[in-house]
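Should a chain be cited, it is by its letter among A, B, C, D and E, assigned in written order, with residues numbered from 1 in that chain.
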Amino acid sequence: MTLDAASWDALTLSLWVSVWATVLAVPLALWIAWLLARRDFWGKSALNALVHLPLVLPPVVTGYLLLLSFGRTGPIGRLLEQTFGLVLSFRWTGAVLAALVMGFPLMVRAMRLAIEAVDPRLEDAAATLGAPRWAVFARVTLPLIAPGVLAGAVMGFAKAMGEFGATITFVANIPGQTQTLPSAIYTFLQIPGGEAQAIALVLWACVVALGAVVMSEWLARRVARRIAGS
Amino acid sequence: VPARAQAQDPVTVFAAASLRGALDDIARTYPAPVVVSYGGSGTMARQIALGAPADLVILASPDWMDWLRDQGALADRKRVDLLRNRLVLIGPAGARPLPNPDAAALLDALQGGRLAMGQRAAVPAGIYARAWLAGIGAWDALAPHLAETDNVRAALALVARGEATLGVVYATDAAADTSVDVLWTVPEDRHPPIVYPAAALSDAGDAFLRHLGMTDARDTFEQHGFLPIEPAR
Amino acid sequence: MTLSVHLRHRHGDFTLDVAFDSGPGITALFGRSGAGKTSVINAVSGLLHPDEGRVAVDGDTLLDTARGIDLPPHRRRLGYVFQDARLFPHLDVARNLDFGARYAPPGAKGPARGDVIDLLGLSGLMARAPATLSGGEKQRVAIGRALLSRPAMLLMDEPLASLDAPRKQDILPYLERLRDGPLGLPILYVSHALDEVARLADHLVVIQEGRMRMQGLLYDVLSDPAAVPLLGVREAGAVIAATVVAHADDGLSTLSISAGHLELPGVQAAPGTRLRLRILAQDVILSRDRPAGLSSRNILPVAIAAIHSGDGPGAAIALRAGSDRLLARVTSRAVTDLGLRVGMECFAIFKATTVAPGSIGR
Amino acid sequence: MTLSVHLRHRHGDFTLDVAFDSGPGITALFGRSGAGKTSVINAVSGLLHPDEGRVAVDGDTLLDTARGIDLPPHRRRLGYVFQDARLFPHLDVARNLDFGARYAPPGAKGPARGDVIDLLGLSGLMARAPATLSGGEKQRVAIGRALLSRPAMLLMDEPLASLDAPRKQDILPYLERLRDGPLGLPILYVSHALDEVARLADHLVVIQEGRMRMQGLLYDVLSDPAAVPLLGVREAGAVIAATVVAHADDGLSTLSISAGHLELPGVQAAPGTRLRLRILAQDVILSRDRPAGLSSRNILPVAIAAIHSGDGPGAAIALRAGSDRLLARVTSRAVTDLGLRVGMECFAIFKATTVAPGSIGR
Amino acid sequence: MTLDAASWDALTLSLWVSVWATVLAVPLALWIAWLLARRDFWGKSALNALVHLPLVLPPVVTGYLLLLSFGRTGPIGRLLEQTFGLVLSFRWTGAVLAALVMGFPLMVRAMRLAIEAVDPRLEDAAATLGAPRWAVFARVTLPLIAPGVLAGAVMGFAKAMGEFGATITFVANIPGQTQTLPSAIYTFLQIPGGEAQAIALVLWACVVALGAVVMSEWLARRVARRIAGS
């Protein structure tokens, strides 16, 4: 399982991208999940459908849509570049966006299920104790849904580690810049005799992502044990 | 970004995935740093059209290069046909050679199995395979027995794993895999020429493209089974 | 403090239509299971948004559907003790108790944390998870949690139903002290236990099937014969005012009421304090002559004001004792045998011990 | 029916160590909040797996940690009414009620569905979702659900705490009928309300801080002076047996006890039935001479068997009335004034109406 | 949005495959989710990791692993063929397997979160009423987790509609047999000027999958409303 420098770059880049995608997506996913679980508003169905879109579409299509809208010449891409100087296409930042978008439906679902399982009567109780709405969320809802948030984050992270189609379409496969682990695996599979290195990379991907899964389980179990009081 | 520091701006090449082995070897000998982004021709062509930061693009399909030209993405840059490749019919290791097969011979050799190849319309190798089969009047008979894949390597894997009985792939792919044998090499006149067109998009790309035309590079390509095309100077 | 509640709301077949105004102190909401007590208290707390209504505390309007006012619960500053404890399962007892403290306005008055913990016997439970508490322990934590949020008013929905009698006897006087002490904390108290209500409440609101049937000062409602069917015959009885005169060494205290003196055990209040005594109709025995040689020390001369005979074997006798009214419940046979009639003078006997501490209030 | 329970279990700091054997009828588990009542009933039902223990019903071993026996709850056939109702939120009331019916063994006896629905007043609620029920309504459905699963024994954890007095008065006699009728349904009943216990229980088990402190027949435990501190002074009182003699037209019934006759209102049982009367110590007045002209119709000649003076202002007087024992609670001052002493003969007075229907049982 | 015959075939095949994958996966996912949520056993972490694997791996790798084990020459593939005469490679059945495997982690997660949110005290109550363990599951647990099961099923279905990499690697792209909608879309995207047809197919994919999402929402809302009693 020793890796050459390029593969090592791909592994660290994938980690970096996945962590960023997870960290950025969690709050947003939490907000959307909360909206979908607890609010009624015009366009809710549309929002829900939009969130599911990356699941339904072949990843390549999602990547292409990202390229069309967030690319340098795309409407959002141009806006981002002009206002924040932020360029996404063919940069690691774009890989973050692709991973984020692809993992988003998984995160939102997990978090939404968790929010729907919270007894709203506990939130009511917190409100009668004087807690304003955000405090109710932060001090009651959030700790109660922690296992769901964690589950969503881990699914998002795992998905980010495995994301290929959208990423390679949106940011290509530039070693050291946008070549993530799955892209590197793909490239190895394209040349005769590349399987051995591909397998080493696959094993690394498993170690990292499954490590995250196991760790999150352990955390969730601790939370559950605290609630059960033993 | 956890990327290693680059001494100077690297040359960025967008290249068809099947070029990986050869191109990586050549890039190592280039005095300036080179990064190569490998991918499918269609995907890369679109990326170039949408502003990908490539200095040089090498595709496996002249059609996509034409498309790029039509998009105006090449501007007035030079386009060259860099390499050629051959189409081969493969079978599992140890299978009997099948020279110049017709529809009946192919069906017979399939033994009820499938012929693996790239997607007939989407993957360049598939397009060439279809041209060959159509040319020998075998297309209609074989069409129900195909297993088409999204890239040639997957077709090769199907044959290597014994899932498909025969396959049509590039000679470069077949050469390196010991679990398959080449049963026949399709003559070049039976399909449109298999060429890898390249176009430089910047001066740095131009320089690297010139490097690819040098003898050392051509030797390397040849070692990997490609047939270099004499650059039109 | 005044509490003014006017509500109209439908859930399914059930219609709530309640209006009452009460003064300072403790307002009890009394009614049978399903009468609508929790619905009222929910509307006051802001958790139920009634179809129509107005709720005002001390002139501050919390809800007025007509004017489009509906303060969110967290801005009402009402500490709510729920019928089900609703502790936060992810927080230990200590953190549950302290949950609300930080939201109280800076100068808000409230009972000291240590006092609340001691009173409710929570000191041994502070690090426990709610899931490991017994039913009664949960409820005690819930009471503590509401108190420590320093509310401007307390809403309590059958807070003591899951507690044992000795624990109730600890908590009831404490609630009285909260009401009477420097905090002057008003309480809206839901109960179906009339002894708790009689002990605590200043104001009583009786609801039945969603409708308000009676309301007023506790003294007035309890001595109103019309209330007897609503409250239940076994719970009927008068509440009278008394003043502590002196405490003797043997533990008996002398109290004066308008008709004379009573001797009661276990009275804690200082001489001069005005207290409330509840004397259940069924605990009063009537005698034509002043009896002698009885263990009962409280014998008052009374005059019969009215005799209500129901369909059962009993009769309710309204008595005038000085300026107070008493109720006695005797058998019809006793009415005949003793020749009881309106205007007759006789003696009411009740044991000193029959006035439960739980029925003495201020 | 016999119930034999031996348990030892630790949760955190709390140790449960309880052993009792009881006969047929209703066994009450009495104790303060946190005493361990729910833990015992959970272990009997199979929901708690104690560290060590044995539970047998009618000789069938449900649990025996020593022999590795631990029947799962669904094979114990114990209908459990939980302290929190635990209705199935996805089923309407009717479906909640019918949940258990299909698992009863083919010939299992049980109360009729219609009777249960009528008794508990559920007919108007059948299509309702549990989330829309009031606290008391939920508890009533939970009682019905347990009854309709045709259990071999009923476990009830404070089932009536959230119910109002009139509803309790409806349900208590029904539980008695289940016990006494053809079903002979034994009940393990957890309560902290001694009036319920005194009315219902045949057998009483008192637990305190996880330990069994007393157990035995209700009559024996309640008249044991050692029980007074455990049960609380206000709840002390004797339970005596009586036989219905006759019913008069004015609604009063004559009952005979060993010391003579009593007149009580509202007795439903047929002449000849043996009943149980609970006479609280605080409801008894003593008189040196037989008093005349009193509205109270029940005056029994008694002899003073013992006088226990506590630290408070009261004294407990044990009385012998025929072959029964009564308890009276009077002030110490009355003891002095009347010159009460052991062996003295005097008269006990208690009003007919003071024996609550809730305290009459079979 | 009119489609040529081949595209139409791809659409109906994708629907067929996705429905089968969903129907087959739901009971299995439910069982695994229940095991993970409620049981403790040796190898639980490994099972959990295995379930997450298709999320972490690039789809192509998953497809390749399927080929290795479920192909005609793979150990499981051979067994299936010999014992049940069931051939997966190059058949729609293989596409079902690929879609099932790829959607599996999503299903298990959603169902597991739902199971973990069920109050075990309700299950206890059912047991005391005489219900054996399976009946407790069928009559209490299952109805209570219905929204989660539905959510999981819909995510699995959506994923199945969008699955590309594993499917094409495992069963290739045989029009009418294994050419699913994403394969067809991919094909069009690889042809210069094929975008128009690709877009038509993408729209169809959206319509179908989002229709399923919206329908499931509506069902879940009905269940929730019944529990809330309004």
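Keep this in mind: contacts are C-beta pairs under 8 Å (C-beta built on N, C-alpha and C of every residue); 3 or more make two chains touch, one makes a residue touch a chain.
Per UniProt, the chains are A, E = Molybdenum transport system permease; C, D = Molybdenum ABC transporter ATP-binding protein.
Remember, it's a predicted structure, so these values are computed and weren't measured experimentally.
The chains that touch chain D as well as chain E do not exist here; no chain meets both.
Ranked by number of C-beta pairs in contact, the top chain pair is C-D. Seen from the Cα centre of chain C, the chain whose own Cα centre is farthest off is B. Centroid distances built from C-alpha atoms place D farthest away from chain A. Inter-chain spacing, taken between the CA centroids of chain B and chain D, is 90 Å.
The geometric centre of chain A is 20 Å away from that of chain E, both derived from CA atoms.
Annotation: 56 Å between the Cα-based centres of chain A and chain C. Remark: chain A and chain D have CA centroids separated by 60 Å (rounded to whole angstrom).
Residues of chain D in contact with at least two other chains: 84, 128, 132. Annotation for chain A: residues touching 2 or more other chains are 60, 64, 186, 189.
Residue positions 43 of chain B are each in touch with at least two other chains.
A complete list of chain pairs in contact reads A-B, A-C, A-E, B-E, C-D, D-E.
Interface residues of chain C, counted against chain A in their complex, comprise 45-47, 72-74, 76-80, 82, 84, 86, 88-91, 99-100, 103-104, 128-132, 145-146, 149, 151, 155. For chain E in complex with chain B, the touching residues are 60, 64, 67-68, 71-74, 89-90, 168-169, 172-174, 183, 186-193. Only residues 45, 48-49, 52-53, 55-61, 64, 105-106, 109-110, 112-114, 116-117, 147-148, 151, 155, 158-159, 161-165, 181-182, 185-186, 189, 198, 202, 205-206, 209-210, 213-214, 217, 224 of chain E touch chain A when the two sit together in their complex. Residue ranges on chain B touching chain E, taken from their complex, read 40-43, 45, 63-64, 66-67, 114, 116, 119, 121-123, 146-150, 154-155, 157-158, 161-164. Contacts from chain B toward chain A in the complex involve residues 1-4, 6, 12, 14, 17-18, 20-21, 35-39, 43-44, 46-47, 50-53, 151, 153, 172-173, 175-177.
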